[in-house]
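Shared chain: subunit A. Partners: subunit B in the first complex, subunit C in the second.
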Partner chain A sequence: MRQIVIISGKGGTGKTSIAAAVIHTASQQSKVVSADCDVDASDLHLILQPEIKQKNVFQAGFKAQIDKDRCTVCRECIKVCRFDAIFYKQNFCTIEPFLCEGCGLCQISCNEKAITIAQETAGEWYISDCRYGNMVHAMLYPGSENSGKLVTMVRHQAKLISEDTNAEYIIIDGPPGIGCPVIASITGTDLALAVIEPTVSGIHDFERIQKLCNHFKVKILVCINKYDINIDITHNIEDYCSKNNVPVVMKLAFSDKFLYSQIQNRSIIEFDNSYSSTFSLLWSNINYD
Partner chain B sequence: MIDKIIDVLKSVKDKYLNMDIVSARVVRDIGFSDGVVYLTFRPTQYFCPLAIVLTTEIKKKLLEMDEVSDVNFKIEGYYDPERLQKSLAELTER
Partner chain C sequence: MNVLVASGKGGTGKTTVACNIAHYLCKQGENLKLFDADVEEPNLHLFIKGEKLAEKPVNILIPQVIQDKCTHCGKCAEVCRYNAIAVLKSGVLVFPELCHSCGACVFICPEHCIIENNKTIGKITYYRVAKGLELISGELNISEPMPTPVIKKLLKHTTHDGINIIDAAPGTGCSFTASVYFSDIILLVTENSPFGLYDLSLAYIVVKQLNKQCYICINKYLDVYDGIDKFAEKNNITVLSRIPEERRFAETYSKGELLIETYPEFEKYIKPIAEIIR
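For the complex of A and B:
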């Protein structure tokens, strides 16, 4: 079983559109499990339209809770909170959950034992069926943390499903950036396909993700998306890739068809079959590597 | 005996996923012969930060069973299995 992750460094470069097209192409020839690891803002489900078979709660992190019956409103907790997460409001001490880091200092300071630190429900993860096979995806609640842990859960479940179903590929729609969820998405994968757009931030963020992949010894291939919106920067990307021995395996011209295919919840190949050969070639390159 | 071993393993929790290691299938292929427990350990992540902690807890809990004299780990999907085996061997020596 091979794991292929689609990443970008910068957000909005077309990762999910290309991931959906890669999943479409791969599923024509092999058994595939799709994993949406962009849990902070997942959107692969918009194209794949999965039918949820199993819904699970994701618990991670901690938040303080005040028992108002025990609280004597001494306000000691307000004094010690370093995140300004506790307020005096309408004769009570109240915790703002978006600001609380769950450090537990307020609990220690409370002589009345009115504060408890409870595990937080940070999101949900799902095992689903879609027209390309099994899919694992997740949703992190707004303001919740621990996205790296949720990515780990999504990847772990995808791995278990791929073993149970003898799937040959796990194709991962990764998150943007180089932070914790990205590290959780790329480690241990066989190949990363970086989708770059020819903008200043696009090339800057690609350099960072390329270094991250090198650090974790993940082989990286490049797709330049919307290459015709700035030919000069496209040349710069190609030069950079050439100097760093990173193969550019696909260049896609800007097309509003990507937008309209997403509006219709379809992959670009389903929307316009002329893209089929382009992505078949990309899939051959991915398999070759 | 295998059922008893599985019950003990279920008490070990992968704190990263908030699941017990049997349900999460972090341990598998569990066997028992001549006082030795055989199992395959595969962490959820290639660079799992909990691998040493989890394997140590597994070994300690299994060795607390009267019938168990040793635990033999097969390590899969971890970036440095030799280091993990070494730390487990040191645990036995102690």
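For the complex of A and C:
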């Protein structure tokens, strides 16, 4: 079983549209499990239209609460909290849940035992069926922490399903950026496909995600999306990639067809079959590597 | 006043909108500071070029156990809610990438044998752009997992009496939430697509929970989809601007040029937003 992750560094370069097309192509020939690891802004389900078979609660992280009846307003908790999450307001000590990281230092420093720490429900994850096979996806509740842990859960479940069903591939739609959820999405995968756009910010962000992949020893391939909006930068990306031994395996032209296919909840290949050969070639390249 | 330019979905045009507003307001004689809080992939400095004034590291505190004083009682590992400390017979292991620098282990250690050392996880860079315009950019080091300490440190530089424009990270997780918390007005920049709508609706949940004033700017607007307009109407959010999807805008952006400089008529998409801020 191989795990292939689609990433980008910069957001909005076309990761999800390309992931859906890769899943479409792969599923024509092989058994595939799709995993959406962009857990705090997931969009793959809008194209794959999964039917949820199993819904699970994701518990992670903690938040502190103060029992006002026990609190003597000594303010020791305010002093020790390093996240500035406790305030003195209207004669009470109050915890701001959006700043609390649930470390529990306030609890152990409170002489009155007025503080309790409760586990949070930070999201949900789902096992679903879609027209391309099994899918694992999730929703981090907006504003919650622990996106990295939820990514790890999605990947773990995808792996279990792939083992149960003898799937040959797990195809992962990754999050933007280089932080915790991205690290959780790429570690231990066989290959990362980076979707880059030829813009000054696109190339800047690509260099950072490429270094991250190097750091975690994940092999990287490149797809340049909207390559024709700036041919000069496309050439620069190609030069940079050839110097760094990164294969550029696909170039896609700027097109509003991606928007129209999205509006119809279809992958770009289902919308316009002329993309089929481009993605078949990409898929052979992915398998060759 | 802190104005956050945010989106939920990535690549909707946050950076474009933030730097064009800043350029417009600066030309109107306003004093302002521009913040890049997309610390995983900061890009504002590519579009707003300034003279670099200073660069300061962002440090977090990581515990270190003085092994010969340690009795291996295990209290530090027990108290750590991030599983960042493991006590073995041979010694105590600290996993810096899991540590939130909360200090609970230091507090609990009966032998007082845990000290803390600085670890650099990112940096803040200060640029002078023009008279009345400064750019302050946060950057997370590659392979560091936690962006929020960089964002919190960055946003300590906002001024109380002036205008602060903050470019947020995409997503609806901890980076985004930290930025929303420290802002007064949230401008949600979305693209006119189903992906844009879904992520906008998630971002709006956070904005609403924190009870912030909120506006929408629709970017890459093609009159073939009405999901965003319906969402705005249903939730009673004013759509301040609809920037059309035009290939020339994408080309200009790709070169790192400001749309408002290249196309003077672009001002009509920026002015309604800037006027609300003023």
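Structure notes:
Just so it is clear, the second predicted complex is superposed on the first by the 256 of 289 C-alpha atoms of A that agree within 3 Å, B and C clash if a C-alpha of one lies under 4 Å from a C-alpha of the other, contacts with A are read in each partner's own complex, and residues count from 1 in each chain.
What we mean here is this: contacts are C-beta pairs under 8 Å (C-beta built on N, C-alpha and C of every residue); 3 or more make two chains touch, one makes a residue touch a chain.
From a predicted model like this one, the values you see are computed outputs, not experimental measurements.
With the two structures aligned on subunit A, subunit B fits next to subunit C without clashing.
Applying the stated contact rule after C-alpha superposition, one finds that A:Arg75 touches neither subunit B nor subunit C.
Looking at the shared chain after the overlay, A:Asp205 reaches subunit C, while subunit B stays out of its contact range. Centred on subunit A, the angle reaching out to subunit B and subunit C in the chain A superposition, using CA centres, is 120 degrees in steps of 10. Of the two partners subunit B and subunit C, it is C that touches the larger number of subunit A residues.
When the shared chain is aligned, no partner comes close enough to touch A:His235: not subunit B, not subunit C.
In the superposition on chain A, contact is made by A:Lys149 with subunit B only, not with subunit C.
Distance between subunit B and subunit C in the overlay is 7 Å (nearest C-alpha pair, rounded to whole angstrom). In the superposition on chain A, subunit A positions 216 are in contact with subunit B in one complex as well as with subunit C in the other. Against subunit A, in their complex, subunit B makes its touches with residues 16-18, 24-25, 44-47, 77, 79. Subunit A contributes residues 59-60, 119, 149, 152-153, 155-156, 160, 184, 187-188, 216 to its touches with subunit B in the complex. Of all residues in subunit C, only 8-12, 15, 40-41, 43, 46-47, 79, 81-82, 100-104, 107-108, 140, 142-147, 169-178, 181, 191, 193-195, 198-199, 202-203, 205-206, 209-210, 220, 222, 224-225, 245, 247, 250-251, 253-256 touch subunit A in the complex they form. The touching residues of subunit A, counted against subunit C in their complex, run 8-13, 16, 38, 40-41, 43, 46, 62, 80, 82-83, 98-99, 101-105, 108-109, 117, 140, 142-145, 147-148, 175-183, 197-202, 204-205, 208, 211-212, 215-216, 226, 229-230, 233, 254, 256, 259-260, 262-263, 265.
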